[in-house]
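Both complexes shown next keep subunit A, but they swap its partner, so subunit B is in the first and subunit C is in the second.
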Partner chain A sequence: MTGRKPRGAITVEAVHMTMKFGDFTALDDVSIKIRAGSFHALLGENGAGKSTLVKCIMGFYHATSGEMLVEGFDAQMTDPKAAQELGLGMVYQHFTLVPSLTGAENLVISRADVPAVIDWRAERARLDAFMQTMPFSVPLDQPVSRMAAGEKQKLEIVKQLYLGNRFLILDEPTSVLTPAEADEVLGYVRAMTRAGEITVLMITHKFREVTAFADEVSILRRGQYVGGGKVGEISIEEMSRAMMGAAPEVSERNRAETVKTPVLTLKGVKAVDSSGLKTIEIDAVTLHSGEILGIAGISGNGQMELMEILTGQRRLTGGEIRLNGQPFGMTRAEARAHKLRYLPEEPLRNACAPRMSVAENLAFRMFDEGPGGRSAFWKDGRAIARNATALIEAFKVKTASPAARIASLSGGNVQRAVLGRELSGEVDALIVSNPCFGLDFSAVSAIRDRLIEARNTGTAILLISEDLDEIMELSDRILVMSEGRVSFETPIETANVTELGQHMAGHG
Partner chain B sequence: MRLMLGAEAVVIPLGALLAGFAAFSLFLLVLGKSPVEFFALVWKAGFSSAFSWQNTLSRSAPLVLAALCVALPARLGLVVIGGEGAIVLGGLAAGVTGLAVGGLPGVLGMGLMAAAGMVLGGLWIGAVGALRIKRGVNETISSLLMAYIAIALFNHFVEGLFRDPGSLNKPSTAPLAESLRVGDMPFISAHWGVVAGALACILCWILLEKTTLGFAARIAGDNIRAAQVQGLPVGPLVIGFTALGGAFAGLAGFFEVSAVHGSANGSLIAGYGYTGILVAFLARHNPLAIFPVAILLGGFEASSGLIQRRMDLPDATILVFQGMVFIIILLSEALYGRFAIFTPAYWERR
Partner chain C sequence: MDPVDIGLWGVPLAILGGAIRVSTPFIFVSLGECLTERSGRINLGLEGTLVFGAMSGYAMAYETGSPFIGVLAAAVAGMLFGLFHGWICKFEGVNDIAVGIAMMLFGMGLAFFLGKPYIQPVAPDLPAIGFGWWSDIPQVRAALQVNVLFIAGGILALVMAWMFRSTRVGLVVRVVGDSTDAARAIGLNPDVVRLLATGAGGALAGVGGAYLSLYYPGSWSEGISSGQGLMAVALVIFARWNPINCFWAALLFGGAGALGPALQSVGVSEGYYLFFAAPYVLTLGLLILTSSPDRAMQGAPLALSLTK
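Right, the complex of A and B next:
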């Protein structure tokens, strides 16, 4: 098909799509039609095949069989360029921006018609005019590597609109946004669909977003289309049953009384932030055993840096950190002796070796554990294999084989694998950042159960999260980070969302 | 099935090598020469007789050790291409030490010479690793520049301070005592450096595949952030692996001086460090594959003289050949994971 409609939303249809990886069928004869100007939600548990489906639509994968129709015409999605020419654009689950370039540079170079010599001043003026039409601002002059997840996600969406795409696929666009930010972004996206400017297909795990914003929904399970329809005509119950095969059990969470003794203390901690211009200053924070200390904040206010400080990736310029009363240098030996574990956000980027196998990635913590707590010299291949089988089983990691590269797993399954690695065995202290990013609801509730359970048995948990609901649900005490500082503290009993929101926004 | 998974690492480089042969044959045809004659001569000069095997093997010994200097840092994701510098300085250290230990029994003296070569080579390439960790200097560029410095230093000392007044038109250090010359092995007419190279390969393979250090290095090489979050000692690993690689290159310098040349002189700067890069890439940085690959390329190097004479080709021809193979090897990197037959999924689901 050649004639590209000059403006306005377009209809996209996938017919009998099947995608096999080797002998593994990730998509099984799926047909789905996304009408022009609709806001279509795609639901499914982790590993259901959602990302695979949209990658086929985008020409990123070549479907084993099946066809694509754009505006009713046969479309050959031979490669992502073909999709782009037809006005199809996608925001991937993993960021695709060039980290070393600024926001503005990323936008300009993403255009297909970018000239060999770029007149930056003219481009910049055009860009500023374009940004005027955007409902939210993104820092255009900062390198992407210095942006927090939320900022990057907004930039990804802005990029698609800037490219003039009229069919947008959003792969879990709000996992990194605060609820208010998510509402803002999705509200705007919906307004554009209503106005007939764009068509949207959104992958999500949040029913709230489906019911509040989407017009239609399709549900995948184990690679097959298992249901869907108009939002409003299909209940949340029906949706979740189709997704999981059965209604999920909701377990009661009980908070036990726990003994609270200081475990991790930060005193006068100072570090340079990721932009290199501002400082992070944390005067005094104490994490106790048997509590979940939630750190709330809008992304980009120093939470990422705090995590880097605590994992030893960012140098302190002042202050001290103590673990169980002893100075803590963030080494492997100390972390092991004090049973401290980390769960960084975006695990594939921060906690995995993407080209190594699932089994090897699962072994990162145990591979050098020798008898008597000393570190071993010889690698024990059999112990690594045993460890992998046990964790894959216990944490329900869906993988073709333990020998598969971890990067071939679905986003949620990578998360599960890392969780399994870090949460097994005895854990006295746990530092977590956005643990439920990209997980389906049953996995989310399983993880939250685990966190509460760990807390009840005396584990000290520092929970850094941009999801305020999560913070409210899990924490015993809440700190708000704003502009690199702890600006507010409250026990859960007196916490209220409005007040927290104000502190998060910097108006204390 | 495991066989098939491993096969990818053999089939693709082998295919690339054959493609390199084909491309080079075309090059020869354009020059009006016969590729058949070329490969026949390589066979004749490199592999057909006991004498040619001796020539091939003694050339492959330094190639093996130089390739390890690339393969070990590669495990950490570093591309070190300056092994030549460590070979040259290692040879110089060995030659000079040899003059000082002339009175000691042969084996002890040779041990000291080898140790001197390894220490200097290790320090040289270890410094590349340290620059990378402490100052963020790109290791590829720094190792290359340091190789030039090493060669300049070598020339400076051999033509100055350590020059044997008796070496008239070819500046050299004083000849080594006969007791300090590494000899030939029994039965096979090649020097002991071949055995040392084979042992080094096995040791490196054990280090990389069977120890926790090798595993930690792979994690750091694949994703340094994950390694840091795990608290792995990334800095010491980088410095240790680069230094060990440099030590092997220095050992190559020792064998060249003690077994081949008899003194440290300009013949040491023979480009083994650079051919070693090709060996390591062809072997996909697998120490066990390095050995056979080094023998193959050693054979090509050994045939260079004969080809020059018989086919009337310049001696740079072998370099053209190596360059072509290298480019095709680099291109073939894009093929890994593209063939379903080599993936675990393909084999587990049947």
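Right, the complex of A and C next:
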């Protein structure tokens, strides 16, 4: 199992790495050394090239130029397998577990020396013994597609350790975890680096994680190395200045008094989740104009299904949804008439056509609307281009060109593009799910500013988020979802994190 | 032995016998398609492969005098077709469904062209094993004449199910079929895996074809296939990509196909042609009944262009 590779952390160094996609330079002559046994953080705004750098290190991309040194020796990273043989492993930003395979199957098949015939009984015994040495448990018999995001993330990390990798790259490992889960996972990872068992390179947007867990930090900006050093010797201000090119402005958010009238009401809403095993039941929820209603909950407790119900992706098996007093059937025409907009989670999958261009994706709300709101027959290329340029500019979307495929954008930039599209024009109601997932801090604060701004002008906002800090920061009222039901409600004035946490964990 | 009058009992008996006889090509083609689809690719060309397999199997059996060499030849021919399909699909921007349709027409056309000289000659049949020895009733004996390929198909279904669960090859195929990215991340080459899976699937379809020309109906003609290769695609979906279900689905389908002739044998002749549509109606009905607008299709390989 893990026996064949020598144990102990290793030093990995990337020298003069350059990566070009066409004429676009995503990585420009970056050199970075990660010492054996260190916990190294990689910072940078969205699209800075962090994922590109680590994918080059792992042999997933072939760098245009540059070299890799592992333990001081030249290493050819021709493909991920070569990297794996040297003990390098990576947890990607997008999950790479195989959805229909169980946890155990995923672990076993990722090994290099899978026997031709797998003796499951012996294999399970060995896996169980291995799991005993892990600080957290993961359900090994469930198909990955049924696991919650947190469980998948843990399984990804467990998988790397199971493979005996001694250099781990974690690409935003905590973006899908609750703060407590994140601390648990990172704490354990750090303990392993301290013990000299592994070296870790972690991409993150959270300074808290850098200062609490990392030893060293490197910062990328527009594909270039712009600074770094030992954590503790470099201040948060210095780090953020290096990332952004300037210190971020701390914006004052003011909550204006708003008129609150009911906009969206859910009554006795019932639905079945995609496995057909769990049900979602929401007795009564009302969203008012001029308020942000936060829905907190640990991932996998029905929030995703709620979002799918509201976007019309999931069929209701009972109950009623009303929008401005009228029954709402989640059609595009109704949403348009009532000025209802959405920002679903994983926008690339749920709100984009990945192979279409950025400009086309940005036009999804306007391409079929002619002057005066009548429906248009001919496509107006110039209006689409104008709309795209304006939104790219206003929301600072980093893209090689408006004609680039939206799938080629970095995770954070897809998020910005979709938010820009959904917030354009007049918006009376907005339903958002994890809007800041994977965004750098300046984008996070820009998006939160926009949400508050929209609220102040009377927009009703339903904010579904797994980030409790975000809920606490933005909401006027908070609901907690647990096991498909709303288990708790409180106005922000009386909300407290401990109590919310208990309800989220299902001990109300 | 003279036929004994067994009355209405003749109907289920004829259906059973028919199911066993008619289902064999379905078993092979659907198992082949199941393997290919599990790797994340659709091969709609199996109809062409089936017909070509029927032709080449018949021709080789005739030339060598051994039906088993015929089956082997059909398998090799089918594998070549599958590999060709897999190789073309490797290229960027090539759609497996379109290639499949082209391959289907190509396979049929080539088989008709090369098979002209073999329409007249008689090739040796594949042997069958009589499981009806315990009975004196000739109808029972006839129904329980089980061809060796049917038995091989049943064993193959079991082996394939075991392979998907407990062998490296099986897991590799499932990984590739589920997520191309995940496969790359563990260092697998999805193109190679799909190429081989399509090749193996083609070989099985070829064997299915050989059964048609070497056992039932047992001669080579241009109308030998009645769309078995295409129906197998629907069977695989209905069987939810599970080899053992493929076996049962093929049997059910074969049984439905035998309904028409069975009723005719007891003298029901009204709506006779309608009963020939039974298998298709059955498939359609079952597909509708077992699908759901709320649940994700269980067991569907995620990298498949059908489910993407």
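What to note about this one:
Basically, the second predicted complex is superposed on the first by the 494 of 508 C-alpha atoms of A that agree within 3 Å, B and C clash if a C-alpha of one lies under 4 Å from a C-alpha of the other, contacts with A are read in each partner's own complex, and residues count from 1 in each chain.
Basically, contacts are C-beta pairs under 8 Å (C-beta built on N, C-alpha and C of every residue); 3 or more make two chains touch, one makes a residue touch a chain.
For clarity, every value in this text was computed on a predicted model and none was experimentally measured.
After superposition on subunit A, the partners subunit B and subunit C are seen to clash. In the overlay built on the shared chain, the residue A:284 is in contact with neither subunit B nor subunit C. Contact with neither subunit B nor subunit C is seen for A:256 once the two complexes are overlaid on the shared chain. In the superposition on chain A, contact is made by A:99 with subunit C only, not with subunit B. Once chain A of one complex is fitted onto chain A of the other, the partner contacts of A:390 are absent, as it touches neither subunit B nor subunit C. Using the contact criterion defined above for the overlaid structures, shared-chain residue A:125 touches neither subunit B nor subunit C, since it reaches no partner. When the two structures are aligned on the shared chain, A:80 is found in touch with subunit C, with no touch to subunit B. When both complexes are overlaid on chain A, the residue A:191 reaches neither subunit B nor subunit C. Subunit A residues in contact with subunit B (one complex) as well as with subunit C (other complex) do not exist.
Against subunit A, in their complex, subunit B makes its touches with residues 5, 209-216, 218-219, 222-223, 225-233, 337, 340, 343-346, 348-350. By the touch criterion given at the top, residues 21-24, 311-313, 330-335, 342, 344, 349-356, 360, 363-365, 367-368, 375-379, 400-401, 403-405 of subunit A touch subunit B in their complex.
For subunit C in complex with subunit A, the touching residues are 165-169, 171-172, 174-175, 178-179, 181-187, 292-296, 299, 301-302. Residue ranges on subunit A touching subunit C, taken from their complex, read 60, 79-81, 84, 90, 92, 94, 96-101, 105, 108-110, 112, 114-120, 271-272, 274-276, 314-315, 317.
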